[in-house]
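See below for the structure under consideration.
Read from first to last, the chains carry the letters A, B, C and D; within each, the first residue is number 1.
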Amino acid sequence: MNDHRNEPTLSDVSDWWATNISRIEPNRIDLRGRPVQDLIGSISFAGIIWLMLRGETATTGQEHLLEAALVASVDHGPHAPSIAVARMAATCGIGLNNAVATGVNLLGDVHGGAGEQCMTLLNDVRQRHSEGIDVASAAGMTVREWQDRSKYLPGFGHRFHTVDPRRDPLLGLVEQAVADGVVAGSYLRAATAIEQVLADGRTRPVPINIDGCTAVIYAELGFPPPLARGLFVLSRSVGILAHAWEETGQGRRNKGPMPPSILPTFDDGSRHDGS
Amino acid sequence: MNDHRNEPTLSDVSDWWATNISRIEPNRIDLRGRPVQDLIGSISFAGIIWLMLRGETATTGQEHLLEAALVASVDHGPHAPSIAVARMAATCGIGLNNAVATGVNLLGDVHGGAGEQCMTLLNDVRQRHSEGIDVASAAGMTVREWQDRSKYLPGFGHRFHTVDPRRDPLLGLVEQAVADGVVAGSYLRAATAIEQVLADGRTRPVPINIDGCTAVIYAELGFPPPLARGLFVLSRSVGILAHAWEETGQGRRNKGPMPPSILPTFDDGSRHDGS
Amino acid sequence: MNDHRNEPTLSDVSDWWATNISRIEPNRIDLRGRPVQDLIGSISFAGIIWLMLRGETATTGQEHLLEAALVASVDHGPHAPSIAVARMAATCGIGLNNAVATGVNLLGDVHGGAGEQCMTLLNDVRQRHSEGIDVASAAGMTVREWQDRSKYLPGFGHRFHTVDPRRDPLLGLVEQAVADGVVAGSYLRAATAIEQVLADGRTRPVPINIDGCTAVIYAELGFPPPLARGLFVLSRSVGILAHAWEETGQGRRNKGPMPPSILPTFDDGSRHDGS
Amino acid sequence: MNDHRNEPTLSDVSDWWATNISRIEPNRIDLRGRPVQDLIGSISFAGIIWLMLRGETATTGQEHLLEAALVASVDHGPHAPSIAVARMAATCGIGLNNAVATGVNLLGDVHGGAGEQCMTLLNDVRQRHSEGIDVASAAGMTVREWQDRSKYLPGFGHRFHTVDPRRDPLLGLVEQAVADGVVAGSYLRAATAIEQVLADGRTRPVPINIDGCTAVIYAELGFPPPLARGLFVLSRSVGILAHAWEETGQGRRNKGPMPPSILPTFDDGSRHDGS
């Protein structure tokens, strides 16, 4: 360090913060190479999300599909930890931005991360299929391999809904997009093949859930798996904000998870499980 | 507490989490009274933001104006603390959601909160005007009063841009919306009157900045002041996500604020100021 | 900007991050002017908290009092929003550090900020007393003035405890420290005078609560009011971490605020209040 | 759900928040079975950290070792992302608690998580040794296996210090604790064996770093690996708070990562790397 090759310059400082996303100079704001004044009024909010993340503009068909996925995930009520903690945060005398950040912080591997993992799962099926195995068999092999590792198959099944009302409209839009030539459909086929594997011989099927449906859409649109979580963050932030704001209006202070008259159980170790 | 009137019931527990925003039951998801399956594919992302926050659907004109404001604020490059910290967070081995939350956490009174304060400022002018004072005089009185308290007038001036490229297209859209009968225009008039006051006799005017422009839009659309910050959060989250994701791709670990070969000054107290 | 006076140099970059707290150079780590190797093994954890925040070392008496306040606030169970959200966060597949940050984020004006406000309240009494008014009268005047503005008097009363078990030991330690000449006692006298005002003629007194007791200690020790919140953050982080860690061991995923079989009430607007 | 086995009761609600850590009832606060009034004034801050995390009290020797590790990690200056973002956060108009939470949020796998991984590494050596292999050989085998997977060996080497001034005093305290019978020393032996492997035949050795030294201590004291990160959070929070507070006093608003007159490089894709 500090040897002659590394003697720092102001250029090194500028380069340390180099970015391809925006170019901000006095009186100039370009986003992905487009002057911001050309975007305002002409691009939709979903459209600029695509532009900022991908570096180019979406076609109408692509944007429509992205928009449907973003709309579908905005909220799942106070049982979702992200929503509940934002409501509690809103009663603690912190800013609305801090309450939203609190909710977003919880959208981890287990709460929102399933979409990212599901894209990997679907890629497994596609990879096997690309090597000449039919989709149904590829799905069967993939499911068995994943189920050996974990009882949760990301993107399938729901602890709450037996038929998630978001499944059919979302997959219907993907089917339409395949018919219109907007997307290729290989992820959709992989997902429905897995769903079929999980239904065979079962009395209670394990349908594609919301994480699975949006994973299909994001994968068909060419987003890399980590952005499935990123896009979920943008979508769920809407519900988090709405709930934090509603709670603000109720005037509670220091809201706990249940009415104050109910005391948590003191677990002296004699209980047999933690749930 | 725990007297007979307050003996808790399961109803109290349900009521503790009462909400008007969403109704989630097995196989049912209603958002603001609309089944989610009716929204998917038919409402835009900006449209559902309006629905979730307002409880009703926007008109096309309202949605167009909201969308323009959301688009305009997505990014202001790595000099914005929200963007810089999200990039640094992305190098520390935490989830993309945690990196976004880190950035959002910084959108406080000083960084994003100006829109909320500007709406209060504009309301002061409107209040005076409603009492019979002409707008120009009302703006002058308001400016003098606010400047007595602080050297910052929220929504006006920029440390960086002398002419913010986002000003004209945003205010132009508001003018058009006034002409189309979408909004009334009183906040626009208050803001331009203040801008005029600040320009009179100055060689360097203090134009409406991005916080001021979006405050005009959110106020014209009927949002309460705290939601100016809330909407800014949704908008800037897009840029925060894009930058965190770009940083992830650069493979840095544990990124500090400047190249490691440059050491922070040790301030032994002999320096005359902290900046 | 960018005119000849402001042409930046590498020194400006170093100065941008100037600090008096630590001096970190290759093979050198000084904290507040002390080589870290001289501190390890010879200073307590409470002692280094004092050193880092104050720039000098504490006396044994000062450290003992600080330590008592830090110990007293570590936990208040799952009803405290900070604790509850950290437990929920721990089930969402994020790091233990992210779960702790989630809890700390909630320690705002209403949840932990009372100590900071209480120090201002006590300063009001002292100020009046320093102008020649006896403490009891000064307390009465201050209480009336504050109660005109808000029904909450920061640092007094508890929604839960009628006699907070932390009050007597904490105030007893302050009394002892006054007797030992460690602190002056003026904040203690102001606080007990207020407590007396609030008890006069009441069947249910409003005793000093934990925020009030720690505010007395931090004020007696010379900490500025905002650090009452800062020190509470360090203290409560211990409980937040312990609870997040315990929850991790219970193996729950995506923990909501109540058992999943209980649904939140849908509030269609016919309910008369939000609580 | 909602079938007769699962019909919820108020007991289920209490059990949902069951904890062994604290028992909070009106006028009663027990921490790990001890009345809080018995702890205040008699237990140190490091002591209550041990009690809360372990459920029992530490011996003097254990507490002394824990305290040394907590002291050693409090700060590493503004180059540490956790410190830098907290300083930036403090200029954005958010609470001091929110600024601390912002810093803590960054203490992930790459920034603070090394201690947790190092404990796993040391366990590998101990496991091999317990199977009859001498420590030096066990260390060699473990190092080769880990280096096949990653170029970073957690707990060893530093990008900044060739000799970390914290190494010798920390390991010296562990040696003393072994001599005193406080801890067994097997983790210390594993760590120094790895250090020897990394030094053999090198002109530039790769010494145990601070994450490695504290991992040795936490492991010798019987903490599970994830708590290495948890304890680092408690320690580093002190430095984060001190820096956020210092920044508050400097009066800057909206502080970016470098002086505003220096612009980030716009990376049009022609640069060959991202650093």
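The criterion applied here is as follows: contacts are C-beta pairs under 8 Å (C-beta built on N, C-alpha and C of every residue); 3 or more make two chains touch, one makes a residue touch a chain.
In this text the structure is predicted, and so the values were computed from the model without any measurement.
**Student:** Same or different, please, for the subunit A to subunit B contact, judged on whether over half of the interface numbers appear on both copies.
**Tutor:** same
**Student:** Using mean CA coordinates as chain centres, what's the gap between subunit A and subunit B in Å?
**Tutor:** Averaging C-alpha atoms per chain gives centres 23 Å apart.
**Student:** Please report how many Å separate the Cα centroid of subunit B from that of subunit D, as a whole number.
**Tutor:** 36
**Student:** If I count partner chains per residue in subunit B, which residues reach a count of at least 2?
**Tutor:** Residues 1, 8, 10, 13, 16-17, 19-20, 23-24, 26, 77-79, 84, 94-95, 97-98, 101-102, 105-109, 113, 160, 257-258, 260, 262, 264, 274 of subunit B touch two or more partner chains.
**Student:** Does the chain-touch network form a line, ring, star, complete graph or other?
**Tutor:** Here the contact pattern is complete, since every chain touches every other one.
**Student:** Across the complex, what residues on subunit D touch subunit A?
**Tutor:** Within the complex, subunit D contacts subunit A at residues 1, 10-11, 13-20, 23-25, 94-95, 97-98, 105, 160, 257-258, 262-269, 271, 274-275.
**Student:** Can you list the residues on subunit C that touch subunit D in the complex?
**Tutor:** So the residues of subunit C in touch with subunit D come to 1-2, 6-8, 12-13, 16-17, 19-24, 26-29, 31, 35-37, 39-41, 43-46, 48-49, 52-53, 64, 67-68, 70-72, 74-79, 84, 87, 95-98, 100-102, 104-109, 112-113, 160-166, 168-170, 172-173, 226-227, 229-230, 233-235, 237-239, 241-246, 248, 258-262.
**Student:** Enumerate the contact residues on subunit C facing subunit A in the complex.
**Tutor:** Answer in residue numbers: 1, 8-10, 13, 26, 77-82, 84-85, 88-89, 91-94, 98, 101-102, 105-113, 159-160, 249-258, 260, 264, 274-275.
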